[in-house]
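Next come two complexes, and both contain chain A; in the first it sits with chain B, in the second with chain C.
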Partner chain A sequence: MTEAEAPRHSPGISPGRARRLAFQRAQRRRSLSIGAISTIVVFGTVALVVVNSPGWEAVKESFFSWEDFKASFPEILSGFATNVRIFLIAEVLILFVALVLAVIRNSRSPLLTPLRLGATAYVDVIRGIPTIILLYLFGFGIPALRLQGVPNSQEFWAITTLVVSYSAYVTEVYRAGIESVHESQRAAARSLGLTSGQSMRFVVLPQAVRRVIPPLLNDFVALQKDSALVALLGVQEAFRKAQIYVAETFNFTAYLAAALLFLLLTIPLARFTDYLIRRQQQRTGGIRS
Partner chain B sequence: MKRYIALIAVLGLVLAACATDGGDGAESGVSCEKENLTLVQEGVLTIGTDDPVFDPWMIDNDPSNGQGFESAVAYAVAEELGFTAEEVEWVVVPFNNSYAPGEKDFDFDINQISITPERDEVVDFSDGYYNANQALLGFADSEIASVTTLEELRAFRLGAQVGTTSLDFINDVIQPETEPLVYDTNADAKAAFDAGQLDGLVLDLPTAFYVSDVEIEGSAVIAQFPTGGETGEQFGMLFEEGNPLRDCVNEALANIDLAAIQQEWLSDGVDAPVIALD
Partner chain C sequence: MSAPLLEVRGIWKDFGDLTVLADISLELSTHEVMAVVGPSGSGKSTLLRCINLLEPVDDGEILLNGVDIADPDFDADSVRRQIGIVFQSFNLFPHLSVLDNITLAPSRVLKMSVEEAQITAQKLLVRFDLADKRDEYPDRLSGGQQQRVAIIRALAMSPSLMLFDEPTSALDPELVGEVLDVIRTLAGEGMTMIVVSHELAFARDVAHRVLFMDEGRVVEQGPPDQVLVSPVTERAQRFLSLMTEAR
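== the complex of A and B ==
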């Protein structure tokens, strides 16, 4: 927007161009002020309506109490460490498992047909089941079998469920990336004497993965938020800590504190994703700016 | 911009103050005649409770059959206030919704809600209708079954439902070495216990007896803790803050024979060993 502010009466500029520049400046000023006014009017009206609603005093007290925010925050923060641990471990496993599944789905060897079928069925079935239900099935169902050697820890099953569920989505992201690599790349690799596996490993995947980094990060943001689901299994993560505080005091501010912690992680990540997308577009010549 | 926000805020506060002032006209000298009661629905006593509800508080997940301790108490109160059984209507109120700000769609909520000073600031409670002892549920053949003191109990992995005084009891009184497991509902907590994910579950005593007798084979009430009693933990009915109906319900509660209802529906708990509080 601010680039190329041409000097007003520099001698090198024709009168026509000067007029054009002046007109563009006026247009910019106009859209800026319209934007500012409409923003103030819209948000101001919303704020007025909320603040003047008959229940506002009660809502303010129970959702925006600074005392309760301060009192609940340390516990919630300690719970949030559990969220971070869970989603970091899960993300590493998901990226690996999904990549393997995606490669299997895109394999061409007739020998691998049963594996291919299995991977397709896995994605279809798991993607169709809500994560929360998977969590109940895995977290309460499998330990109840009381099998020898099967771990019994809540966090283990929480992470397993997230890995199982998210791998199905991320497999599809990888697959889209692999399929976006032009067939000629593979053909060229094969003609150079690379085996099918080698051309996947050294030619297709490096291009595919780079292309899907933004959607992968997008799924990572979703995973961070879904790490709150593991509270169901008894794990005291940030949301559960907040819920405990809320139930003790009947004041909802603690939820706000938990939301803030999630935002502190997801917003920078979302901005970073946007940045990567922009950079990629510039690189591949999609948009010049 | 800043001034604008401040202006909005001031305006809002003024308007809000005006809006809330109108509410509390009728007060004091409450008459508990049925036609003078303030009700959410004319001529009907609307009572809230969760869904599902469990034995022995209510039977067959049906609050309207008058069976189970809380259902029986609710109908006894309704009768005292002059309502027939047909004039009682039940609405589903999950525990976490019962204290949300805003208008309530029930006259009172009965759902084993413990009276605490913090909660009392946000809602109103009736007098206690039950003195709740906490109890420890464990498998009879497991290590926890031999525990006889609070100190020994600290080494075990315990669990409870979120928002319950059972959880507070674990945190404040038992203070276990490992962080307790906390579940959304008692049903989840029981499932985890049954799956062997925790050593012991803390519940109120009647629920613990029901679980050990009927629901989970091999489990037993390992101990009870004398947390109830006149000065201890009590269950109360929950009202919207300032609801004048509360005084009438208290009057009704004083007139009904709670001990007899308790005798009918709740185990007396004498066969569970008591672990003294320090």
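== the complex of A and C ==
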């Protein structure tokens, strides 16, 4: 092995290397300028066509009115606080309920058979029903029974609906994570004398949860949007406030104001999810046992 | 000679239509090292997994200190903590640091205090030259280091028997030595062990007895100089000449 003495780089910049570097630089410049020009041309044309189209003034007036935006925004923002409260509470409950359901679905204990069947049926049934129907069933149906001790609060039933609906999806996300942990991890844990419950808790679940964080966040982007559905129960949240403003003024800018608030939350969360997925791919692409 | 620590009597194991272990019997005394050799698919790994009760046997007895642990009514968890196993693919817990990999079972199964478990772990890490890796995560270690941590993890439970399932097969050639050295050290200290390995020179050097398996059966059994140098059966002779040719 005498090659160890061979130089790792050309001494200085050789003519061959310099020519290649110059070529790469020229290529980068070219693709950058082509990209910039084509973007300007395309978006410029679209903007020109839209602004010069016959209905533009009317569209601008009823969707992009700055006055209406300013007038409606404070109310909508205060309503949005309700959305945030609803989905934060719902998220925490969903994470917990779904984890319990996923562990039950993955358990092998015969004692848990009825629970396992129940959890499977729950996931199958709930995933197949549109959230909006659940919302009407819980939000209008149950309070209409006038049962003793059952809360009447619309917000309570709104949160319940979201938890019931989303837990079914999130259970499956967790379950996929649990099943993705290789059997050899369980074998290693059992071989050390850990019980099957301990193996699940200390070895399988921590790995499973880490792996499903990106898809979980994805579901929470959807949950944040669906918190607007509860307006149908009359909960005074952002969308409901916007509806009220639109009904009074016949100007639709208020809906855009509400949409903007949702975007301010969901876009960063979606970007963060992408970042986590990328990081995970890099990790698993690296050295693994 | 005292009663054997481990006595396997006529165990059978099927996977579907395939019989993986057919009437296997063996005896192992305390401080004894047994090497199990044979072509791949001969049931060597399954034998270890059965002894550790990771796989239930279909028939036969496995006596540990005279108690039949293969009895379906027996508490498997209590046996597994007495028998350590080291896997071909290490199977360290990737979400835990080296130290936490080692202390998990002592603290959760043996109910050691955290400090006590950490002291035990630290001693083992120092002894096997891995003290500087205690806070690393497994994927930052070389294969050889990972396998040594896996051995320490099993040793931390103070097992009365250690099983090694092809501990060096997944390693780059230059890393094999450091793992074999650890096993050799343990043998020197009188640890009772069963080692499944393709490292025949190592087996000859360390083992007191060698078991040659083929197609789920024990083909030949005896001292290393007999089984690994001048085997009686034609099957063992053929395997041996293939293995030496490959060198």
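What we mean here is this: the second predicted complex is superposed on the first by the 274 of 289 C-alpha atoms of A that agree within 3 Å, B and C clash if a C-alpha of one lies under 4 Å from a C-alpha of the other, contacts with A are read in each partner's own complex, and residues count from 1 in each chain.
Methods note: a contact is a pair of C-beta atoms (placed from the backbone, for glycine too) under 8 Å apart; a residue touches a chain by one contact, two chains touch by 3 or more.
Note that the structure is a prediction, hence the values are computed from the model and not measured.
Novice: Could you say whether A:198 touches chain B, chain C, both of them, or neither, answering first, second, both or neither?
Specialist: A:198 contacts chain C only, not chain B.
Novice: Who does A:35 touch here: chain B (first), chain C (second), both, or neither?
Specialist: Once the two structures are laid over each other on A, A:35 reaches no partner at all.
Novice: Quick one: name whichever of chain B and chain C touches more residues of chain A.
Specialist: Higher number of touched chain A residues: B.
Novice: For A:187, using the defined touch cut-off, is the partner it touches chain B, chain C, both, or neither? Pick first, second, both or neither.
Specialist: Only chain C; A:187 stays clear of chain B.
Novice: Mind working out whether A:206 is in touch with chain B, chain C, both or neither, as first, second, both or neither?
Specialist: So A:206 only meets chain C here.
Novice: Which partner chains sit in contact with A:144 here, chain B, chain C, both or neither? Use first/second/both/neither.
Specialist: A:144 contacts chain B only, not chain C.
Novice: When the two structures are overlaid on chain A, which partner does A:74 contact: first (chain B), second (chain C), both, or neither?
Specialist: Neither partner.
Novice: For A:268, is the partner it touches chain B (first), chain C (second), both, or none of the two (neither)?
Specialist: Once the two structures are laid over each other on A, A:268 reaches no partner at all.
Novice: Of the partners chain B and chain C, which touch A:233 in the superposed model: first, second, both, neither?
Specialist: first
Novice: Sort out for me which residues of chain B touch chain A in the complex.
Specialist: Going by the criterion above, the answer is residues 1, 4-5, 8-9, 11-13, 15-16, 19-20, 95-96, 99-102, 116, 118-119, 121-123, 159, 162-164, 167-168, 179-184, 188-189, 191-192, 194-198.
Novice: Mind pulling up the chain A residues that touch chain B in the complex?
Specialist: 40, 44, 47-48, 51-59, 61-63, 139-141, 143-144, 146, 152, 154, 231-236, 240, 243-244, 246-252
Novice: Taking the complex as given, what residues does chain C use to touch chain A?
Specialist: 49, 52, 54, 77-78, 80-85, 87, 89-95, 104-105, 108-110, 138-139, 143, 146, 153-154, 157
Novice: Taking the touch rule as given, give the residues of chain A at its contact with chain C in the complex, in rising order.
Specialist: Residues in contact with chain C: 184-185, 187-195, 198, 202-203, 206-207, 210, 286-289.
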